[in-house]
Amino acid sequence: MVWRRGRLILSEESRQETTSERTARGRTHGAFRCLNCFERIVPPEKAESYKCPKCGFEWRVSWPSPTIPRIRGPVWETNRRLTDEIMAKEKGQGK
Amino acid sequence: MVVILGNGVAGNTAASTIRHLDSRIEITLISAETYPEYTACALPHYLAGEFERQRLFLKSEEDYPAEGIKTIFGRTVSGIDPEKKQVLLGDESLSYDKLIMATGSRPLVPPIPGVDLEGVFSLKSPGDADRILEGLGQTAVVVGSGPIGVETAISLKKQGDQVYLIELLERIMPKIFDEEAASLVAAILEEKGIRVLTAEKLVQINGQERVEGIVTDKQQIECDQVIMSVGVRSNVELAREAGIEVGSLGGIVVSRRMETSLEGIFACGDCVQSRDMANGQEMLSPLWHNAKRQGIIAGYNCLGIDKIYPGSESITSLDVYGTQAVSFGSIAAGNEAEDVEVIEKYSGDNYYRLVISKGHLIGAQSIGNAQDMGALLYVLLKRENLDKIKSMIEQRITPLNLRHHRVGRYITPSAIEAAGER
Amino acid sequence: MALNRKIAYIDLSSGKVETKPISMEMRKKYLGGRGLDAYLLYNNTKAGVDPLGPDNVCLVSAGILVGTLASATARTHIAGKSPLTGYFGSTNMGGFFAPEMRWAGFDHLVIRGKAEKPVYLWIHNGEIEIRDAKDIWGKGVRDTQSIIREEMGDREIKVMTIGIAGENLVRYANVMTEIKNSGGRTGMGALLGSKNLKAIAVRGTLDIKIEHPVEALEYNKQIISQITSAKVSQEQGRLGTLFIWGATNSQGLVRTRNFQLNQMEDSDGIEPETFEDSAFGMTGCFGCQVHCRAKYIIPDGDYKGTYDEGPEYTSIGAFAAEPGCTDLTTILTGNHLVNDYGMDTLEIGSMIAWAMELYEKGILTDKDTDGLDLSFGNEKAVIEMIHRIAHREGLGDILAEGPLRAAEKIGKDSIRYQVHVKGMSNLHSDERPTPALALGIATASRGSDHLRSRPAIDLYHLPEAVLRQIYSQPVAYEGPLTSDYTDYEGKSWQVFWQEMCYMAVDCLGICKYHTIFLGPNFPNFEEWSKLLYYNTGLELTPLEIWTIAERTNDLERMFNLREGLARSDDWLVDAYFDEPTKLGIPLIRDRVIDRDKFKQMIDEFYAFHGWDEQGKLKPETLKRLGLDKEPSHLL
Amino acid sequence: MRKMLVTDYEKCTGCRLCELVCSVKHEGVSNPARSRINVTKWETKGIMVPMVCSQCEDAPCMAVCPTNARIRESELGTVTVNYDRCIGCKTCVVACPFGAINFDPIDHKVISCDLCEGDPQCARFCETGAIRYAEASDANKMRQREAAEKLYESLQKLDGAGVS
């Protein structure tokens, strides 16, 4: 952005985007990122828990607003089991 | 045709109300004074030299014809003939369909030797103020410490006079404030150099032609001016002669539609006695806002539109060198019979006093903070039970919910807080 | 204009008060708030000053944009030499105190000396009075404020006060304002307590002129929309900072049972959503539309029915994760108690958890605890310890001394179980899998601190392009940047950038939640440059603001160096390098910080700053930033 | 239909941005003491109530003004002050049941809400919806309904907390 001294940068055409505005363009609604594989996933409305279609980790979901799902916490059994499997596999490969 | 006697706020409000409702009806306004409508409340400011004379007037002479109101100024009404529906102006007479009496009040002049000397004034009209200003003396004595007396004393002090304020009773503004509040105001006055003399009786005014001094039951004071402000008396002579009922308090008796005992004759303003909205008792309330509301009600009813006067409110708000002194409703003193309970509180420079009787707020006084008081006024007028409000607070029911309880329309946070402190 | 506020020098020993204007030269070099505080502290103290002695100064300040139309300009900054760490002490709180102080005519207070008996300051429209505090000494945070308001007869008085902990010189005592706005870290409450200064009450009705009011209004509206439309703000506006819990605990980024585990599996009872049932609305600081404080009533226990605000993410850590408790009531009660006593939630949580581990390991016995069962998960013991620490009773007296002093007193192997940097406890987040966050706490100027340079958005797994957009303004950066938070590549630049960002925002007096901290789309240098111009008329480019941030950060470093800080202090406790994480998702399990890579990160970080290998400022850096003449005589 | 400012204390977070923007809009300065809207707070109870002029139909301030200086502007229905007539007696401040008339300590004059000529800034900046600029009739209905719901809810909550 070029900072213009003393100029009113308010009308739409004369306004230049700032970094944060450019960053904001990628914003999405209705989705959250899987905390294991970081895939952006979209749970059905008002779902209480949702399984990531990519990695199979399952998350309990809360809804701050009707369009914003957030992860409340893991579904413990599923995720623990999956993690143990993955870790065992990695160990097997590594050593 | 409507004839209105009196050019004060009641008469003018009635005239404007009628004109607002009916654009064609003939309105005549008769006044012995020659000024257009003015506000007496601004007189102390004028007297203090805070603004020019012009600002006393709410209307100019041209405003009357513009509104379609005929005026007869400078003429004294000599009588009313209710039979013939005529107003008598000396030899002439004027017919009316409806008559509104807004004859107002005049300052009370006590029968004391020397009251007719030059230099003895009262403060009611711009003319009075002009005369006082002409003779701004070195020393002035203000007799009577009602709000007008106190304001006059402050104004004269601001003009550089040496000022004495004399009060017969043991505290200033005895009808408006209780001891503590009155002493707070008195302390401010004293600090600014006004000598406040309470429990002192004016016996005599000395002088040949002009005032030279006064004598009280305690001392003699040399002075150049005496301002009498011991109260006002309703102008009801005209009404009494016409056979209109005058009440025990000395005001014209009116119905809640502001109609007098004679059909077709209405009365409003300082000359009537009315019902106190807070306790339902008859009262004389020579206050601006009551007169204004009465004028509106009289205007409606004289055109046959039914409108009820809810009653008068006594509100006094006084600026004492930047400190606001507020009182409304009843004071505790003289109310002992009524099982009165008092809550007093100092909070920093502010002082509050709530007067409570049988669980109801009947009066409140404050020195310092003005903004919180409005809420209490409405608690008082609505006659809400304080215990009820308190229990709601305990249950964390807050203003919006109170509204739902029907009580709440006028309850505000400050009222709740005041009640919560019980 | 908004820049005509003054500095007041208050000497409590002699009762002398002096006010001085702030010159434009000082403004352009240090802006205000934390920046100017760093300058004033450096110039008003001598090396090795006793933190609790009369020669230490206490600085209270408002940022340059406080009280103006930049959103959430509510921050009060308090600084002095820290009684906890002995290094730069500084803390930052929200609420309504700072704006009121500006309306009363002051930007900075420099308080020195020690009053003979307890006093408080009364500041009103340019006047400062030292008043007797006998009616409020010994009172809690809330009562103190009510009493002062009552005494003065003004509901609108804003009070900054210390609680009982501050009076008792607990080394991590807070300064507080309103119900829960806390100046938490580095023990500034003890500093006030040591001066016998109970509170500072302000009330002001002086104008702050807005230089371009129409533009300021419109631009503020735009900024507010930008912030409130972000998902993170909406979530924060529902639960407060608690919302972070869901993400961090799910992954295993939480320090539990002191430092033994990194995830809390039995957390259903303390999840933010559970708390939501006890909350009945939100509240916020001055001018802020994010409103991140919940209002709640304690549902159960000894304090049932008490109103309080919060709790924060930190409260979960302090009263649940670290001591292994699982009851919401403990969190809510603990939060209420520390608010009223005026203590640092984070520090007290860590100290209690540490004591619990010592008890588990047998280093502390029933004899030391006066019979109190300090087992992990004992909710009653946690609450009891809060009381004891505030009143300095028994073991509480030792724990009130902070990590290093307490470990020294207890002796044996106790220091091994401490999780601290420079004598200040770490947040309850586990930084072993996240080198960037670990670097942040290791190098922060006020000891272990997650608010000095934490690139929290690193955890969001943002695409590299987005990171580059953010981290290459206003200074170009072409080095590596990576989305993976377990990586070491490019992280030192992120930490460096965030350090500048947070310093700038502290100088301005804006809340960190309104900058790139939790949301990548939030305002930064470019927006601030405009805000400064519209509100104060001060013309600074984003790069100039960056330079100011660099200068003031380095000044804090210089203060620390003068107090004897060495490179070895910018380091973590051994557990970070030696004990792998045990729980969490696969990405996080079995992680430690790599010593060599971490050392290299620190080297890079020093290089970005223009510091030599020992972490000292190079002569050319001093010259470039105009710091070669400090301590100076701009004053 | 006339629009009015509707306030809802349950939504108010007490941030006082309304006070700030009000003083900037009207006076060009930041100074809540000169704001036309005020947020009253009970800190220890967590109650914040925005108070602003309701532009009452039968306005007490107009009734008590001894110089007829409080007048109703026709278009928006706002009650404003004619400063040529105002003598600064503050009787209107005393009479207002909402404490919504303020006294400017700098200019020494009475100030109250003028709805910013139809674009009230307080409502515009209030993201929580605690202050809204809505049509009068709707507003009343809305207010009543919300009040009823809120009361019910909060009573239930209080029962749960064992406070009531």
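To keep things simple, chains are lettered A, B, C and D as they appear, and every chain counts its residues starting from 1.
Everything below uses one rule, namely that a residue touches a chain if its C-beta (ideal position, glycine included) is under 8 Å from a C-beta of that chain, and two chains touch if they have at least 3 such contacts.
Everything quoted here is computed from the prediction, not taken from an experiment.
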item	value
Chain whose mean Cα position lies farthest from chain B	A
Which of C-D and B-C has more C-beta pairs touching across its chains	C-D
Central chain (distance from its CA mean to the mean of all protein CA atoms)	D
Cα-centroid distance, chain A relative to chain D, in whole angstrom	41
Euclidean distance of C-alpha centroids - chain C vs chain D, Å	36
Separation of mean Cα positions, chain C and chain B [Å, integer]	59
Interchain centroid distance [CA atoms averaged], chain B/chain D, Å	29
Chain D, residues touching no fewer than two other chains	10, 40, 45, 154, 163
Pairwise chain contacts under the document criterion	A-C, B-C, B-D, C-D
Interfacial residue positions of chain B with respect to chain D in the complex	39-42, 45, 51, 55, 58, 288-289, 292-293, 315, 317, 319, 324, 326, 370-375, 377-378, 395-401, 403-404, 410, 412-414, 417
Chain D-facing residues of chain C, complex	2, 67-69, 71, 96, 99, 103, 142, 145-146, 155, 178-179, 205-210, 213, 216-217, 220-221, 224, 228, 278, 280-289, 291, 295, 297, 299, 304-305, 307, 309
Contact footprint of chain A on chain C as seen in their complex	215, 218-219, 226, 230-231, 234-235, 238-239, 243, 246-247, 249-251, 265, 267-268, 271-273, 460-461, 463, 466, 469-470, 473, 483, 516, 520-524, 526-527, 529-530, 533, 539, 541-542, 584-587, 589-590
Chain C contact footprint on chain A (complex, rising order)	1, 3, 5-6, 8-10, 18-24, 26-27, 29, 33, 35-36, 38, 57, 59, 62, 64-65, 68, 70-74, 76, 79, 83, 86-87, 90
Complex contact set, residues of chain B against chain C	346-350, 368-369
